[in-house]
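Next come two complexes built around subunit A: one with subunit B, the other with subunit C.
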Partner chain A sequence: MFWKKGKRIANDSSDTQQPVQRKISLDSLKQVLDNMDDVEIIERTTLNDQKVVLIYLRTLIDQDRLNESIIEPVIQCPHAMIYESIATPKVMKIHLLEEAQKLLLTGAVLLNDCIQEQWLVIPLPNELSRGIETSETETILYGAKDSFTEQLEPNITLIRRRLPITELKTEKYKVGSLSETTIVLMYIDGLTNPEYISIARKKISEINFDLFFDSSQVAAFMEEHHHSIFPQFQQTDRPDVCAYSLGLGKLTILVENTPFVLIAPITFFHLFQSPEDYINRWPVASFLRIIRYLSFFLSVTLIPLYVALTTHHYQMIPLQILFVIVESRSKLPFTPFWEAILMLTILEIIKEASLRMPTKSSQTLGVIGGIVIGQAAVQAGFASKVLIVLVCISTISSFLVPNYLMTKANTLIQFCFLLLSSFFGVFGIAMGAVAILAHLNGLTSLKQPYFSPIAPFYWKDWIDLFIRGPLINMKSRPDHLHPLQKWRYKRRM
Partner chain B sequence: MRRKKILLVWGIFVSLVMIPGCAPFVENNTIEDIAPVTFWSISKGEKRKIKMSTLVPPLVNEPKSLLTLEVDLLKQGGKDFNLRYYRELKVGQLRMFLIHEELAKQGIIQLINTLLTDYDISQRMYLVIVKGNFDEYINRQAKKQENLDYYLYRMLKHYERKKQGEMTIVNLHEYKNKLFSPFSDPVLPVFKVAKDNFTYEGTAFFSNDKLIETVKNTEDQIFQLLDNDHYLKFFPIPKLDVVIGHLRSRVNVDLDKNLSLVTINVKLNGRIEEYQGNKNILNGNELMQLHKEIETELEMKTTDLIKKMQELKVDPLQIGTHTLSPFSKPISEKVWLAAWGKMNIKVNYQLYFEALQNTKNNY
Partner chain C sequence: MTTFSLFDKSSKMDGIYVFFIVNRFQMLFLFFLLPTYLLHPFMIWGIVAMAIFSQLNIRLLCKWLESNYAKKGYQGFVELFGVRMVRLLTFIGLILILIKITVITLGYLEVIHDFIFPSMNSNWIIFFILLTSSYVASLGMKNTIRFVVIVFLCVFWIIFLYFPFFIPPIAALHDLYPLIPTNWTTDSWKGLLLIWSSYSGPEYLICLIPWIKPQQKMRKYLTYANALSTSEYLLLFIASLFFFGSNYLSKSKYPIIHMIRYLQSPMFERLDIILISLHMFVLVFALSIFLLCIYGATRIILKKTSTQPSRMGFAVTCIVLFLCFVFVNNWIWSIKTEQNILLNIQIWLSGITYFIVPTFLLLLTKLKGRVKA
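Presenting the complex of A and B:
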């Protein structure tokens, strides 16, 4: 066992060795770019009979701009100073091969001025992206419709347009040894608590992995509780949610190649807030928010409660309902627990299948699933009518939680509660609830308590917790976020 | 460290299970394996035995049949029922306990104790005294009405609610409280079974646990006003050809220091619902006269009812509780009942009736 450990350490030390820095040359570059089909190495002669070599990856650069801004001006260049003829805003000189290699892969053109023996790098990335579309995961009826795309720059633009202040800072980092994914840490200087920023910086710098294709993978490396089912970073593709969170004193992390932005620190209750809460009239918004909490509770406890009552506590069922349940269950072959497990598993399969299928097929799947669950299961004697109704209510309730990751967590909690309720009845559900509450109390997001403003208690923040109070009364930023600027209004001079 | 953590979690888990006193040996309560019965009917059997009946299946829509047993003990009956039916009969949903009048006259404290000590039986179960052969009635009616037992329960539940008036409805908890408290005697509703009818007859007064008297009709209605619900929807007084209704009473009981006089003042709000007599109630003076007559009639009937209670030495109105005061030693129940039997009674009624018609003095 010991020699294995020793070997691993030796390998690790070889990984951390600093690479030798080599000077750039045409031959060395050709050697590095060998067997890359999309590499273009072209030679041109200027009016001044000066020879230039252009090296680029045609799949990563904007070809039209290459012709307009580099090739034509360089060929027409009457003097020896090629550097001055290039019509792009950014031209840099480089000397090292590794540097040139990296820049080539970000969509830059390398230009070798053979007479002056200098290497120029001109960024000409191909801005290949889809347009700004409406959000599909967090749809709202009223309010802004735009959503983030996979490109970083347009995403930053969408936020900057909403927060046109110089205090909005962006810090770029690279993560992923293979994917070289750019991530951007965004915060408002002088408002966001510096502690959060330094924690985030430290966590980003500690990330050590090869591939990052989604922000949730970045979040997985920044979370403090890897085994929890609750998301500790809020993921959103809505710029308005991002800007609002920044304004409250949170920070955001934008990840290249994904439209989902991370927001932190968050609490359990942020996952129940929808952008529409701040658009609706406050009593309506408060009512809808309460419904959301209630539906979360229902989705988690309704079926376990059914199993607990029908297995252990028949005394607790009102006589009228007992009539219906006994009649409905009298000819079933399964116990309430297995009946519930069967129905929920079938439902999960249908849900998962409909997500993966193309839209048209998923509609068919929905109809088949509806008929199978709704009618055939009852007629075939697999499930009782009462359970079907409860499964429907519980499933629909689970969709009311705006956060998708939370919806998935719901299902897992429901299954755990189901198991507990079948063994211990209502007492099992109570035990499960205590365990969940204890777990939530122990969770943190960017080292901030996940269950605040309840624990620790911040009574002023309750105005935007279970209800959404009138905006006119929300004069201060949430205390639990410890912002540097407490008040949300400008003081009159 | 890890082992300590696991031990700690197990410790918390085991204590959580132990603290609420959950038994590790639980009964099978799976709903399809059991038959939760809704009522037990108890009457006197042969040779000092108890005759117990219940309806099976209690909830499922299958042809129903009445199970009847003669047993020595209540729980013995519960056990023997299971031996006669394919599903286990459970008492967790027992909603009605019907006791035959004859059995109630002998005393029911042992039955009540057995019911109270069974943690499966809810204390919200209704207790009812039955006159006549209930088994015969339910056997005949069950064929006509599918869920007769359920409808009987619904009826009791309906009249149990406040401001329904009409009936005395008592559950096990209320009965137990009055039975074991000083200065109070329990009451129960009495239903009469005759062929196809199940009729509310009145209120049974109990001395300790023995039924000693049943008050009916007007007396029962007065009892509803004085104690039970303080509300009556309709109160017919045939002697005066009048029906008064929507009556809300406020009763004030006053005892003198020597325990020789009890004054009962009743303020009655309501209205005249129907009048078929000779007076012209559109005339103010005649209406006042009718009011006076109603007052006198009610005072007389109430005095009679209370005198009856005195003679029977029962105190279902809990008048004895008025002897208690914060800084004095309470008198014993014996002393109270002795004094109660000899007390003078003074009853005053004050009627506040709504004028639903225009009246004219010289009409």
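Presenting the complex of A and C:
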């Protein structure tokens, strides 16, 4: 809000001090790795009677490969040039202790060649990874079934396979002073607007926090509007969505240890797009997309509208419907507002509980919730049948929005509208709508307007907004993304 | 967002925004009263005539907007008038804007009172409308101007709801006769004045020009806006003539809204409640723009243009405006005769400003150019 004061960040001089760089030695390493149970320090002698020391963390390295690629070749090494015998593609020399520490913790093996007095580092990480599975958060009937995993390399592979071009650039960064999380900025050089890339680079370099376990935490540090309920980065675990976004001129940020990739800049309307939109026939896809917008509108306004009409504007309800409502509400002890609040709160509790509980228990919970809400509440006289129907429609509608974070935002908007409608009826809902739309209009994603292509107005991009136009007519990339290459086709010579 | 940049001019808007802004400014409040004042079918020609005059005025305004003075924004005004004169003119403009927004807000409030909440304390509604407007305005001039697209999309379709009034049995051609004036009274002149006042709004573009891209086809967009407003006025007036008939139009204060009360849908009766609520989009947008203009004007008057806009200053402007609205609402607007006076003052002032501002600015620019040459 406009009265918010800018926060001052104290400059702690101790944080900015550069650490002293020390030379690597066996003693200093042992000191650093003291009390680490999974550290292995082993000594071996080669055929040449040369002593080598291997240091590694057994939990982080691939032990089979260690034997095959390092220990055996080194022992069998007949000459003094040990590093030539190592059967891995990457062997580096290091000199600094801090560097050695970092590499050890990424799954590398340190090798001390005592005669040559050199330290070699051989990356041998243990790639703990689950298989590539189907996406659970963005399921589709037709189309690609693969989804990202927690490992960065396979995730990059999944995108690279879809975009086998050298222009697809990957920039690696480390964030999190404790978690040392690797994040990868991905974009298509010569297509993505360089302004976005430089903004993203700057924002990543400014991240200052200790732990990052999920991409949403990275997004939280890169967002411009921290207090907004709307996600300003799209999160997806689908490589096809990622590749499509890159092709439009957006950039993606892959975060280690999470299957969810960030996409930016996005607009409010991107959150309503499903990968299936581009698989279905365009009239069907357009119809489904409109249904999605409509269901978002319903999920946000249906219950508040019920409260507004039954509290303030009885005259708006046609007589036949009014009879049904009056009959249904005749024995209720609560006002429509409290009735709605009660039902929605119970529903939110059930929704949250079903997410947290094991799958088998959540089924039971669903049955109990259904009976409690559906029948018992009506019979006990806590809620009217009409409200139950509306709550069901509203809840089901909220699930149509493909983006999970957006679904959660729905709930909050609904409660706000509920409050406004109880005070000012339909006028209150309109007031809330003005505020929400004004807020959306002011939001930005990577400093690009969040409500494009409506505001700012790019009418040519409307072909893929409320409807999904025929692909054959979508020959240019969206103007609101300002791509460097406007056309999506190559001119025939 | 830690910096408070209300008047950030880093990005400029396309001419299409001018179209949206002018059209919605012309459909702000006074059009609600049009049929009651016009009454006779021959006043259709009045609307057409005023549309032509408005178009001529727009031509003058466009010529000035294309001048170098306009492109320079505040500095252009200073070059044209000098600092002291600019401050004086800003003060006059501030008063005019204050009267305008007071009348449109309280007029809208009266509509809410008549059709939605007859017993609610209207000060609460003023508070919430102003709170929403303050929020919109606090996002800065750039975002507020951009908001007009959303506003336009949320309300422009309302005009199509009047379609059933053009179908028999409601529509009878004889309700449109006589099309040639048989008697011309003082009320007819008042009607013409109201039409002219309703067309006012484009003159406020002089405050927004720093945010509009130069080299835009302003005349094209302004002409489209004027044409759209004219067709909306005509449609609404003809629909009200069909529905009420010339003899009964004067019996209703807001015939345009009363008509909608008779429309029914399978889901809702009393569609007017929804439509009046939706009209708040336009009001909030206009209030936000004018709120920023008032704050900007205050800064010019207090010689604070070189300093950054402050949250405190903006908040004080909003609070003063709220107090002003409450004062007028409780002690001036509620008295019937006074209300008419305030409304009449606004009608006259709108008409005068719309006529004078473009002509005066263009004349002065030409004179200045001649003197320089």
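One rule holds for everything that comes next: the second predicted complex is superposed on the first by the 482 of 493 C-alpha atoms of A that agree within 3 Å, B and C clash if a C-alpha of one lies under 4 Å from a C-alpha of the other, contacts with A are read in each partner's own complex, and residues count from 1 in each chain.
In this text, a contact is a pair of C-beta atoms (placed from the backbone, for glycine too) under 8 Å apart; a residue touches a chain by one contact, two chains touch by 3 or more.
Not measured: the values here are computed from a predicted model.
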Task = With everything superposed onto subunit A, say whether subunit B and subunit C fit together or clash.
result = clash
Ask   = In the superposed model, does subunit B or subunit C contact more residues of subunit A?
value = C
Task = Based on the superposed arrangement, let me know which partner A:Gly442 touches: subunit B (first), subunit C (second), both, or neither?
result = second
Query = When the two structures are overlaid on chain A, which partner does A:Phe427 contact: first (subunit B), second (subunit C), both, or neither?
reply = both
Request  = State whether A:Gln315 touches subunit B only (first), subunit C only (second), both chains, or neither.
outcome  = both
Request  = Could you tell me if A:Leu332 is touching subunit B, subunit C, both of them or neither one (first, second, both, neither)?
outcome  = first
Request  = Identify the partner contact of A:Tyr489: answer first if only subunit B is touched, second if only subunit C is, both if each is, neither if none is.
outcome  = neither
Task = Report which listed segment of subunit C has C-alpha atoms clashing with subunit B; options: 3-11, 57-65, 129-137 or 165-173.
result = 129-137
Key: Overlapping contact positions on subunit A, where the subunit C interface meets the subunit B interface   = 312-313, 315, 317, 424, 427, 431, 434
Key: Contact set on subunit A toward subunit C in their complex   = 1-7, 224-225, 312-313, 315-318, 424-427, 429-431, 433-435, 437-439, 441-442, 449, 451, 454-457
Footprint of subunit A on subunit B - complex, ascending = 13, 16-17, 20, 22, 26, 29-32, 34, 36, 38, 59-61, 90, 92-93, 95, 120, 122, 147, 150, 153
Task = Would you tell me which residues of subunit A are touching subunit B in their complex?
result = 310-315, 317, 319, 322-323, 325-327, 329-330, 332, 335-336, 424, 427, 431, 434
Message = Looking at the complex, which residues from subunit C come into contact with subunit A?
response = 1-4, 13-14, 16-17, 112, 116-117, 125, 128-129, 132, 134-136, 138-140, 143, 146-150, 153-154, 264, 266-270, 273-274, 276-278, 280-281, 284, 311-312, 314-315
